[in-house]
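Let me begin by presenting the structure, written as structure tokens, before commenting on it.
Just so it is clear, A, B, C and D label the chains in written order, and each chain counts residues from 1 on its own.
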Amino acid sequence: MGFGGYVVRRLLLVVPTLIGVTIISFALTHLLPGNPALVKAGPLATPEVVQEIERSMGLDRPLPVQYWRYVSGLLHGDLGESASTGRPVLEDFRQRIPATLELTLASLLVAVGIGVPLGVLSAVHRDSVLDHVSRVLGVGGVAMPSFWTGLLLLYVFFYLLGVAPPPLGRLAADVTPPPRLTGLTVLDAALAGHGGALLSALHHLMLPALTLGFAVMAPLTRMVRATMLEILESDYVKAAWAAGLPRRRVVYGDALRNALIPVITVLGVIFGFLMAGNVVVEMVYAWPGLGHYAVTALVTKDPGPIQSFVLFVAVMYVFVNLAVDLLYGLADPRIRLR
Amino acid sequence: MHWRRLTANRLSFAALCALLVVVAAALLAPWVAPYDPDETDAAAALSSVSLHHPLGTDLYGRDQLSRLVHAARVDLLVALSATAVALGLGSTLGALAGYRGGWVDQLLMRAVDAVMAFPAFILAMGVTAALGNSTANVVAAIAITHVPIYTRLIRGEMLKVREMEYAEAARTVGNRPRQIVLVHLLPNCMPPLVVQATLAMGFAILTVAALSFIGLGIQPPQSEWGQMTAEGAGYVVSGEWWLVLFPGLAIMATVLAFNLIGDTLRDVLDPRMRGVR
Amino acid sequence: MSIDRRSFLKLSAGAAALGTVGFRPVRGAAQDKRTIVVAWDTDIDTLDPAQFKAIGGYVTIANCYDPPIAWKVQPIKDKPGFALSRPAEWDGAIAESWVTERDGATIVLKVRKGVKFPSGRPVTAQAIKYCFDRGLQSPGYMRLLFPSLIGVKSSDQFEVRDEDTFAMRMERPNPMAMDIIALSNNAMMDPDEVKLHATQADPWAAEWLKRNIAGIGPYRLVKNEPGVEIVLEVTNGYWRAEPYFQKVVLKFVPNEADRVLLLKRKAIDMVVGRPGLSPKNVKSLEGEQGLKIFNVPDTTCHYLAMNGKRAPFNDVKVRQAINYAIPIQAIMPSVLFGYGTQMKSPLPHLTPGYSGNLSPYKYDIEKARQLMKEAGVKTPIPVKLAVRVGYVTHEQASVWLQRELEKIGFKVEIVKETDATFRQVAIKGDHELSIESWQSWVNDPWYHLNFLMHSRSKFTNASFYENPVLDKIIDESLAETNPERRLGSARVAQKILIDDAVWGFLWYDSWTRVMKTDITGIEKRWDTFERYYAAKRT
Amino acid sequence: MTALLSVRDLSVQFVTDDGVVEALDTVSFDVRAGEILGVVGESGSGKSVTALAMLRLIRPPGHIVGGAVRFDGVDLLTVSEEQMRAVRGRSISMVFQSPRTALNPVLTVGRQIARLFALHQRASAPEAWRRALEMLVLVGIADPERRARQYAHQLSGGMCQRVMIAMALATAPRLLIADEPTTGLDVSIAAQVLELLRDLGRRTGAAIVLITHDLAVVAEVCDRVTVMHAGQLVEMADVRTLFARPLHPYTQALVRSIPRIDQDVTLEPIPGTVPSMLAPPPGCRYADRCPRVLDVCRRARPALLGAGPEHEVACYAVEQDVGVTVR
């Protein structure tokens, strides 16, 4: 059937899931108590005004019709309007997605950068002090509510030591933002060669990425450790060692290469943790991403942004998992060349 | 033999003790707590750690230790019931899908995929906002996000076990399907279930804490660790460190205990891993 | 690709180091003196002056649009560098001067010579009429206020006498008229600019005005990035002298703890918004080196609304019992930390006609129990106490109230609702007990009581109080121009309302701003929105 | 005739949660140049542990607790890891039981062979690739260019085993340890692999230690045989003597359990199971299952004594009736 067929089949499988996702997100916001028309009309609006707005929002029509209006609206990029910013949700998303993406990628880098080596070393030095410390650290990381770690880091590094920047968003106030190519400030600054902006962007990314990265590190470390342990016991590692390859090359070459493949699968799960953690970490660090946007919408019962946020996260999650499966296929010859 | 293995490892032994302390505190809350948790006292408001109030007092002068102990009951209750509901619902769905197969399996799996498409917390956030954040709704929100995990787990085990000869043999002897499931298949699925449930308990407590931070947590006067930490977090800057430290530690210790025990259980109960020991 | 261990460790160490390197902290020193940076937690939802909006919208309009007439501010004796509006004192703005005819029933405005809109077109009386007409007809706040408060029902009551004279004709003289005109909602817009963007379906260009400014003011909006910041810069060619601050940056900081940290580290100049900082945090910043607190009493009333339409709150004895059960002696210190004044009457203590000695209520749990017994209500009475999410002082007060109300037979469940839900449930009359707050922009007793106590004010009479006697007094007094009679009847109204225990009295909060010591020139006007025109850095 | 490799009192223990497993109990034997030495015994008798110990591949929780492995006059158990690396894969190499899992799944077969030439003989990449293709031909794999670029999962079990052998013989080792090389293969392929091993052994002069539980394989391929039981070496002899006159009761039971085509013999399964080596009793570990058990057997471990030319046995009962000479 070959790799192409595998990809097509996986893509077809995504469609029913996406439909399910739109149904759930529609249902969720429809259950929200509070009448969005009233939010739009304002507290002192007369009942007639409220009805007028309800009709214009189509809230009086039967549910399936509203669902269909909602879905067809989606396809045309109409994600509704946000009451708190007065702008179409699509515009808010376009402004905020890069911020969330940048924080997510930076946190992933932190999680992988620290989590994978920790997992490998604790597998190689099994039951050593490092093994126990990394386990407690990993499990501890997950056990601590990220808003707690976030505030703690902020309090220590910003307030006490003054090493970290103030939680005022993505760039220092006095730094001119680089021209917006990808929206990822670090990337844009690097591409535009703005040394100052790059430094400031990284500096502002430091604590949030550490907080979020640390929270998602545990599953990664545990997965790498378990896989590495299994592989170290495998025949081909013994064979390679028996064939005279130095122990280090066997462990960090053959074994590690094979251990990294299953790690790709856990990246899908980690992406889920990251999207969830985003919401809380963005609140603590005033990071202008989607997370905080969604919470404000939740608190003000504003259906447009909530529906779109929940849907956006789900769609991203579905495609990330799809990408992970495909990446896994590519990385592992056993699947690639069925 | 499992018991010894569980206590042999220093780490999981400490975790077990921590959990026992928390459970004891929750059960014996009224007798353990030195004060009535809701007793307000304007004069003693925001007083630091003292003999009188070992963990200090909050804005209303209520004793933090008493509130922490009573909150243990709420947190464990929420975690337990959410996991129980998710376990029950998830297993039945999983068993049904695994055993029936065919379109039932396909339908359930697509539904599970749809729910799994949402990161757990985002879904819990949406559900709590939609249904309102009474304790029951928070439990429902967390349960819904965990159901798919058990469904997939049981379905996987079910498919594996169903293929095995002895299930075939049991069927030929004339046992009714439900009987087969209960007697033969479920006990076999027990190990991964127990491991998953233990880890899920920890995760449930974290979810409640995060929901409280964004304002969707459990309603006052019900005191709950997550809510106490979320509120306390605001006081760090103005110097009342004890309001956030102790509830935060309580959450961390309990979730850590659940995770460590879950890990050790996985090592103990999961034969495949035992070899590696 | 097999990498040996040493390079492997280097790679991972490098990634980890990236995360924790101690950069030279990019201090705020580079910020220039003529820029003021403030922090708050609100976005601009709409800039249409006529619409209801979030604080973000109101403050931006207040700094980018000049009204015809503005509230005058006087420096405060014991608070150097701070100024406060006094009742019935105004300054000319777009209108240079004003006179009254038909002993106050008509107000004539003289347009200031040489004031031009950004487009270069001069400000004329026609422009003023267009703005008032728009207020009267486009869906929004003024469409309600003009007719109900000052009896202006049709646009021909707005007359253009000549190029620079505009007159507003009311049916009868009305002491609230000048304050109504001074509202930031009457922002003077350039009609030609607005008409450019009007459409058949949207005659008053509401959609365009949502995101754009079409008037003249000390500042202009240069950046509006929701969730990040709003930036105002000084307008060139403004009719008054240039303000000290060339640039105003309003940073969006959602988490209050962060705002406190920012102040303590002097990374920002001031925290604003409603309430910006809870009293608890303001208290903790007292005496903080490098910071100062501007605190002045305000007219915002915070009260426990008791739904008169639902048992047992229709019984006056129960309402009185509740007033005796309110632990005000605990709430004032541990919720407001002294930043507020105890409420003794439905009228704010700064409003003319206020009488603070009529209320007998104080914390007396025995008297409260006694009254409950007299009311003969079967206890325990399950009741919901609604509070809005994000109103920190309300959430805290509700816990105190819950504790005490349970001592006199209630079983209280505190329900936290979002702004939208809270308002919708209140209007439907489904709230039993709820903590409400109200701020009268016009500091006049009858403006205040009309909205809060008159039976016709469906949306704002939170206790659904219906008292024909009081209604009559309000209707008569609304247009009463004789000061003695106007204030005399205010005392009568307060007596009725206090005896009838319509509200559970809580507090009037005070307007507090915490800022760096080198900031001065902060002014507090009746609508509580900061204007940065007079602010300076010493 | 000096031994190519001599193992003296080799003991290996595994520290597990449930106690210490004494996997090898003072095993001694020699491997002579050019010969094929069979190591036979039921599964779990310590055959594989012996092989791994000889190449010092025992990892915690296993530890080599005693004995020596002398090769070229040097005790491999005491040399540094660097020196040991110069022996592994160059002088002594190993072939594993399940071919498919013993090959790295993410490297092409060709590369896995080629890198040995680069490692042990500093060959350049193209040179190493060329010699790898040569080895594939040597082990009888058709169309080597295509096969070399394929992965383990794309080859049959037999072909994988041939690749393993190609890797083992790449640097012309003097000793090849084959741990149950044919167990995973079906009969016809197994025969070819054994034939290949014997043929390459004769051609390169390499000695082969063939570990198996299949006595038929031993009879057909090996020159000499050692019999292992529960981590102890119970008998050693040239193959004809062993099959003609097995002395140790365990060996006799093993020989009797071979199905013979030429005689109708009733198969007798060996009573009991291989005893657990977890804190084993002192003395001979076959005692519980041995029909000729004596009191002394339970108290002390019988020494390995000569019982004839090319024939040694460790059994008190045999000592009494045959009068063995102390070597």
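Everything below uses one rule, namely that contacts are C-beta pairs under 8 Å (C-beta built on N, C-alpha and C of every residue); 3 or more make two chains touch, one makes a residue touch a chain.
This one's a predicted model, so the numbers in the text were calculated from it and none came from an experiment.
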Shortest walk length in steps over touching chains, chain C through to chain D: 2
Comparison of A-C and B-C (more C-beta pairs in contact): A-C
Chain occupying the most central position, where position means C-alpha average: A
Chain B and chain C: spacing of chain centres that average the CA atoms, whole Å: 44
Inter-chain centre distance, chain A versus chain C - centres from mean C-alpha coordinates, in Å: 38
Computed distance of Cα centres, chain D from chain B, in Å: 52
Numbers and ranges of chain C residues touching at least 2 other chains: 257, 261, 264, 389-390
Junction residues of chain B, two or more chains touched: 215, 233, 236-237
For the chain B and chain C complex, residues of the former touching the latter: 38, 40, 42, 45-46, 59-61, 133, 215, 219-221, 233-239
Chain D-touching residues of chain A, taken from the complex the two chains share: 126, 234-236, 238-247, 254, 257-258, 261, 332-334, 337
Residue ranges of chain B in contact with chain A within the complex: 11, 110-111, 113-115, 117-123, 125-127, 129-132, 202, 206, 209-210, 213-216, 226, 229-230, 233, 236-237, 244, 248, 251-253, 255-256, 259-260, 263, 273, 275-276
Chain A - residues contacting chain C, complex: 33-36, 38-39, 42-45, 49, 82-87, 92, 95-96, 109-110, 112-114, 116-117, 151, 154-155, 158-159, 162-169, 172-175, 199-200, 202-203, 206, 209-210, 213, 248-249, 251-254, 256-257, 283-286, 288, 292-293, 296, 299-302
Contacting residues of chain C [partner chain B, same complex]: 256-257, 260-261, 264, 278, 280-281, 283-285, 327, 329-330, 333-335, 389-390, 395-396, 398-400, 402-403, 413-416
